[in-house]
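As structure tokens, the structure follows; a few thoughts come after it.
Chain nomenclature is as follows: A, B, C and D, assigned in order of appearance, with residue numbering initiated at 1 for each chain independently.
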């Protein structure tokens, strides 16, 4: 199973795997999802997630491995993914304005029947959002990163051509930021 | 034909293909650095029909976003709305009655045939043959009539609801669909004789516009583009959703990596879609089309959900980040042609402009879907 | 002497009228034909069967403003459409429609028609170049290479026929084929067994020479927008359009004269102008039919076809015929 | 050499097959409809713009609950109402009650996306889809429909 090998490889990125943190967060998250009502478990989930690898239920979330890491470790993780033969689905961002952070989300999937979707998240402060580019590893990431830069203003370090793609050429606004006023 | 390029400094010129150009089928612009008829460098410029559906998805309640999804890809709209309802159903944990899922599969596949038919016509028109477009539109019109009788609209459907469907199909639809299948099979034979076998057509596509499997992977290409490169990838098989596991169908795969392979994949997909429709009509169970407890207010629990579906153009993904409210916190649409198109810049280098545009046609672009 | 000149003038006027009428109504025929092939009616609103459509189109084109793009070479820009139409009309002067209906018969008629036909390449070159449009420029370059490469097999085929009949006078060419279908150049004989192939070559070449689909690379609308006439509007475009159809009539007439026995009846009965017209309109129908069936070739496919297939075969035919003429 | 000729022959054959198909189609009947002269009847479920439904008295069934207005993704419906007092017999007593009466139902069809959320969300069955599709104008104002007016015109 590719899922286990990739999970192991990604786990190795974290020097201190903190198995305790993972076990605490994972059931809490799943508990919140099964629980229809918005009650206490949701509140508990509001705590910032600790970096690490989580295994998710595909039927519930639509992906299998959920990794959160620091921007500095991103390239190493993407290289592991690339070596394992994944293709890049998309890159996007999420604006967590309450935590004053921007999250970049990378989706990877596979062509073969060993279905495994990997999500890599990395967070960067809202004031100076900066993440290394992965367009050297996946050239297809070029457009996705430009789009994310358009919408969220995340600077992708080392991107060869980080100009607006979907927004007008002279756009200096980032419409998907939660404090964006048209 | 792509040949070696020997550029003398200062001897290239810039050609703007688009935003208004007959080959781009919409408002796409490709800035090409040309050396005579050869493309030295190309840069695609997007955004001419960007409407920010993702922000609309954050500003509106979940049911209010429903009509937006059919405005992405106006040719195969049902596939996209299917992805959306599946994603929200996954997030909110809504059960869908079996009959509704069957009808969804049938209509999506019919819509896929309609989309491929239009692509077929437009593609041959890109190559200069106008008549096949008209024949394709005739067949497509039958599908649109059928779908109109059920969904109420012809192009930008808003038919699926969270938990089921807007309304049930009737016997007229079943009869029309059953009559359509043999008619379409006959037409496919006609297209094969008129277009696929044609020597001019073959010469224009064979070994033209190579897109390798590795390139597909690096750029995230899916759908017929990947299947034309020998990648056996179809979300309906790889990551089964809805009632697709119940059906017996094949995924056509060609290993030539050229424009002709992508063309053949789509032509065969039409036949496979017809098979699914045929089986779906046969197996169609009785029952309700909406769950007994109709979900009134949709508020998915906080979390992050992803759903991928196979649309006519490839793998369409939708990510919903919910904070427990009635609007999505983040609403990401992963459009297949966006990834498919992103490899064009690299793939067309060194090609002649007419071959590059033929290759662009074989990517099956729908611009509103790229720009979202 | 003066009577001859008057005769010629009247004949030329008639030829112009015939060319213009044909050009206008072939547009109608093309649109109706395309409509039928695509199972739609085609233009049917103006007049019975839409027969007044060409008139409406003509009025529309004439009343439109002629826009000359900035930076264009004005003189050449204006000359190019005229150059597209004029040679086509002049060529009509020598075409014999029947024994007696011919404006001016001359003994080098074939040569004259080909001389004027080469001018159509010039008009495209000038139009594309003078309009200062990159698409137009690319189209004109394509069109010139196309014209050059297709004149070669066309002329080789004509040489074969001239060799067989021993004349370059169009009237005598027809006279040599009179008496019935078995005398036509199309039918292989002992001395010229490859004539059907030569007919096919000539037919393909006339498609290419008149820039008709599937060889309409000069205006390949899916890649070059409208090719050499991208910047033309109003009557400038109208003249190109009419010139194209006038050229088609010339092409069809030439095929008729060279291969199909001109005004002769297939059975040798009642020769006359009606046979000639019947033949050219059947050929024109096949031009239309082909245009609405096939996709467009590529520029290199087109050149490959000419240099790798048509020229070798027509040369072989020339040599074979020359040899066999010596034998029989 | 053999391949050279087989390719020519195969090519010519494929072209002839293509010509045969278009020739056959040439004699087939026309499939189009001359639109402005003939029109097609829309199917039962065709979703045109919305239309008010009348009750037995010929008045609009609408009770001005505003569900349609709220459900509309594009905000193209605007309602106005006034309170009217009316008397009703409850257990043998005449009582005055207040009810809302529709005074204006505006549909801005230029922004409508024909999704059908309004009809679906109407709990009183007061709106339906019309079968109009011959809508063409060069003026935006022509697509601001006053549905109450249209209802009156239909009744008169």
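For the reader, a short list of remarks on this structure follows.
One rule holds in what follows: a residue touches a chain if its C-beta (ideal position, glycine included) is under 8 Å from a C-beta of that chain, and two chains touch if they have at least 3 such contacts.
Just so it is clear, the structure is predicted and the values come from calculations on it, not from any experiment.
By the document's definition of touch, chain A and chain B have no common neighbour. Relative to the centroid of all protein Cα atoms, the closest per-chain Cα centroid is that of B. Chain centres here are Cα means. That of chain B falls 26 Å from that of chain D. Each chain gets a centre from the mean of its Cα atoms; for chain B and chain C, those two points are 43 Å apart.
We define each chain's centre as the mean of its Cα atoms; on that basis chain C and chain D are separated by 52 Å. Chain centres here are Cα means. That of chain A falls 64 Å from that of chain C. Residue positions of chain C touching 2 or more other chains, listed in rising order: 37-40, 292-294. Within chain D, residues 15, 18, 21-22, 25, 31 each touch two or more of the remaining chains.
With touch defined as above, chain A holds no residue shared between interfaces to two or more other chains.
All chain pairs that count as touching, in label order, are A-B, B-C, B-D, C-D.
Note for the complex: chain B touches chain A at residues 46-47, 50, 52, 54-55, 58, 87, 90, 93, 216-222, 226, 231-233, 237-239, 299, 301-308, 315, 317, 319, 321, 324, 329-330, 332, 334, 338-339, 342-343, 346, 371-372.
Against chain C, the residues of chain D that register as touching in their complex are 8, 15, 18-19, 21-23, 25-26, 28-32, 34. Residues of chain A that touch chain B in their complex: 29, 32-36, 38, 42, 45, 60-63, 66, 85-90, 92, 94-95, 105, 107, 109-113, 115, 117, 119, 138-140, 142-143, 151, 164-168, 175-176. Taken in their complex, chain B has these residues touching chain D: 60, 63-68, 71, 131, 135, 138, 145, 148-153, 156, 158, 161, 166-167, 190, 193-195, 197-200, 202. The part of chain C that touches chain D in the complex is made up of residues 33, 35-41, 44, 289-290, 292-294, 309.
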